[in-house]
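In what comes next, subunit A is part of two complexes: it sits with subunit B in the first one and with subunit C in the second one.
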Partner chain A sequence: MSSGDHAAREYLLGFADDELCVGQNHSWWIAVGPFLEEDLAFSSIAQDELGHARMLYEFIDPEKSVDEIAYWRDQRGYRSAHIAELRCHQWPDALVRHVLYDLAEEVRWHALSGGSWERVAAIATRAIAEERFHLQHSLSLSERLLATAEGRKRLIPSFQRLAPMGQELFRANVDELRLVDSGLLSSSLTDQKNSWIKKVETLLETFNCEINWEEFQDAPGREGIRSSDFESLHAEMVEVLNLDPNAQW
Partner chain B sequence: MKRWESLEDFEAFIVDGGIVEPSDEMPDVYRLAVFKFIELHANSEYMGGLTERDWIPKAPGLHRKLTALAKTQDEIGHAHLLYMIAADLGVKTRDEMMEDLLAGTTNFHNVFHYRVHSWGDQVAVAYLVDAAALASQQAVFKNCSYGPYKRILRRIIAEEGFHMRNGEELLLTMASGTDIQRTMMQDSINRWWLPAIQLFGPDSRLDDPLLRWNIKSERNEVLRDRYIQKFVPQLLNAGFQVPDSGLYQDGETGRWCISDIDWEPLKATMRNGGPDSKRRLIDAQAAWKDASWVRDALDEAVVSQ
Partner chain C sequence: MKTYEVFLKKAGKEPFGHVGSLDAPDDHMALLFARDSYGRRSEGEQIWVVGRDHILAGNQSDLALADRSHKHNDGRRVSELRTSQRLKKELGE
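On to the complex of A and B.
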């Protein structure tokens, strides 16, 4: 990418960092999910999300190693949305974030696949093929659980807390018009956000779960301000790398 | 459906290389022995996943993280397949096996009673433990008389082959790395060498029914010795020491001989008295209990459909 594409770079870096954080967080769940099939699903989805991060990092800065971009930035250099950074060590939160995030990814990747940046569109097309399975998993499981009283009791508070936060996924620290004008995105972030909100409401309306979208505090993740969960997440990512930064691991 | 008039007829069928299928009227002693063997294998795959889990989020770099995730996913996938074929034997359900494992009334392999303390330990598990497990599984696969187990072992062995190559690559990276890496790796080899050797168990009993019924095809001591002959030179060539003060190479045969093994700690470990058994089981119990509402709600959703 040329330096003139600052807006696109910032936008894609935010998306890649979201994927890096969510993939890292999903990987925490292997072997401690509710049953083995869930362990398998979460670990497989974690690999896909990390793979997406890798493809985007390679596109953003082909001169650097992926690890250099993914792990060796100052914390202010990350652009992730705070919902992606949340540890979610309670399974209802982990499942609900998975639902919200993958519904958002579907919209976000389609906006890139419909754009005119060929290489980005190719990455998006590949990601969309994988996301189909993520959505199938997250929606069928959450719908089955929400159909029970216990499931609603456990999941609805997580939806009400996390869904407003999810709006940050559609924020950028650059002028969104430039992203559309340059052909990177085929639809504006505002349109994407509205389409996502509609999907979330469609899922939840059968289960009497109302979301107060106004509750969203304007999160500054894209501007380089990290959530309180990021520090431990990042520390975990680089713990071994830090033992000897000059080593090949 | 096959049936046999007597245990002698059944054993003659096995000696001829016969394969038993779940629908066959197999003798109860055989059914129970196969079940226990597969249950132990399934428990060990699952506990293996838990053992390695601690270091997946810390794996150094995106490539290592992806391979660690894929590997652990394979192990959990093996547990999943094995629990299903074990359940088909009609002795216990999947949930009963999981609950017995977490209550500490059934067993899992000795190597998964230890804690992974460092990235070096993670590499030692991938290199030493996976190779020992693969050697055992290959020996079971060779003549395995229980059809479903043999078919699943074919897939497990193929995947474990990738894990072993991954383990070798990880070890060589550490061997050719910095002082910090080589020291870390030697510490880990010191911790994991003996547990890996002990994975093969004490010498087989002369009348071991598992051998007679072609559930196992090679004696424990044969497998253990083959492993030693392969791994001692590999470790030495990579510039590491083998943590055994009594180790020597026979001048005439060239074979490597190790010190006598004290099997008492292994016996205690297998009774869930190993260094990390309690924490491992408590963590797994807590996770299982925390998520009980999910399993119950899904059962309820199925019933109400």
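On to the complex of A and C.
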């Protein structure tokens, strides 16, 4: 992309880093998912998210290798939202983050596919085709679990804790009006956030789960400040490359 | 959870083939899991998912009768007979 558009670059880098972190975090569940079928489905979704990160990195910096961008930046160079970095090692948290994140992705990718940046719109269209399955999966499973008393007992606390944090996905460290003016986004981040909040509330309203959206303290992920979970996540990302810098897969 | 059997049909004239089974809480989730478990790499172009309890299983002993070799006709004897008749005819002329 033209390096001239700093705002677009920062925004897309944030999105790509969200995808990278969520993909890596999902992949932690390989072989330890709650049951075999869910294990396979969740791993497949993890792989898709990493693929989306890859498409965005390749667009942002075609000169650099994807590994170099994804794995070897200084920590302050990452723009991920803290909810994407969160190590969800309890299944309710992992599932709830998956629901919240994929509902957000639906809104975020559509804002890009509806924009006037042709190559970005093409990436978004490709991602949306896969996201349809992610959303079906996350909503179908969580709705079935929420329909049971046991499921509500386990999932609602995770929704109440993580949903407010999810608002950070719609933050940028640049002027959001510029993203709309340049044609990159077809709707503002504020509009996207409101439409996401509506989707989350629609999902939860029948299950007596109130979210206190005010609870969220703005997290500075987009400004280059990493959460305390990032270090172990990053160590996992580069584990193989540290053993063998020339590893191919 | 219920057990389901999964069948995939590859492109072209290939028939549906059984690829495996899975457990799912209901039919809707069974279809989703079937795609993720058996079709996520585009292994087929059509998928069938059948609840195992909808499958009629025949009596196994009805299939395992002692000698059914006479049912295996590979056409060899007919072919030998025809060849010998043709040779006879050719030699006779």
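Please note the rule applied: the second predicted complex is superposed on the first by the 242 of 249 C-alpha atoms of A that agree within 3 Å, B and C clash if a C-alpha of one lies under 4 Å from a C-alpha of the other, contacts with A are read in each partner's own complex, and residues count from 1 in each chain.
The working rule: contacts are C-beta pairs under 8 Å (C-beta built on N, C-alpha and C of every residue); 3 or more make two chains touch, one makes a residue touch a chain.
As the structure is a prediction and not an experimental result, all values here were calculated from the model.
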item: Overlay on subunit A: subunit C relative to subunit B, clash or fit; value: clash
item: Which superposed partner A:S27 touches (first subunit B, second subunit C, both, neither); value: first
item: A:F133 touches, of subunit B and subunit C: first, second, both or neither?; value: second
item: Greater subunit A contact set [subunit C / subunit B]; value: B
item: Which superposed partner A:L40 touches (first subunit B, second subunit C, both, neither); value: both
item: Partner chain in contact with A:R144 - subunit B first, subunit C second, else both or neither; value: both
item: Partner chain(s) touched by A:G51 [first = subunit B, second = subunit C, both, neither]; value: first
item: Touching partner for A:N208 - first (subunit B), second (subunit C), both, neither; value: neither
item: Footprint overlap on subunit A, comparing subunit B with subunit C; value: 35-38, 40, 44, 144
item: List of subunit A residues in touch with subunit B within their complex; value: 24, 27-28, 30-40, 43-44, 46-47, 50-51, 53-54, 66-67, 70-71, 91, 144-145, 147-148, 150-151, 154, 236-237, 239-241, 243-244, 246-249
item: Residues on subunit B engaged by subunit A in the complex (per definition of touch); value: 46, 49-50, 53, 56-66, 69-70, 72-73, 76-77, 79-80, 83, 119, 173, 177-178, 180-181, 184, 283-284, 287, 290-298, 300-301, 304
item: List of subunit A residues in touch with subunit C within their complex; value: 35-38, 40-41, 44, 133, 136-137, 140-141, 144
item: Residue ranges of subunit C touching subunit A (in the complex, touch as defined); value: 1, 22-26, 28-29, 32-33, 35-37, 40
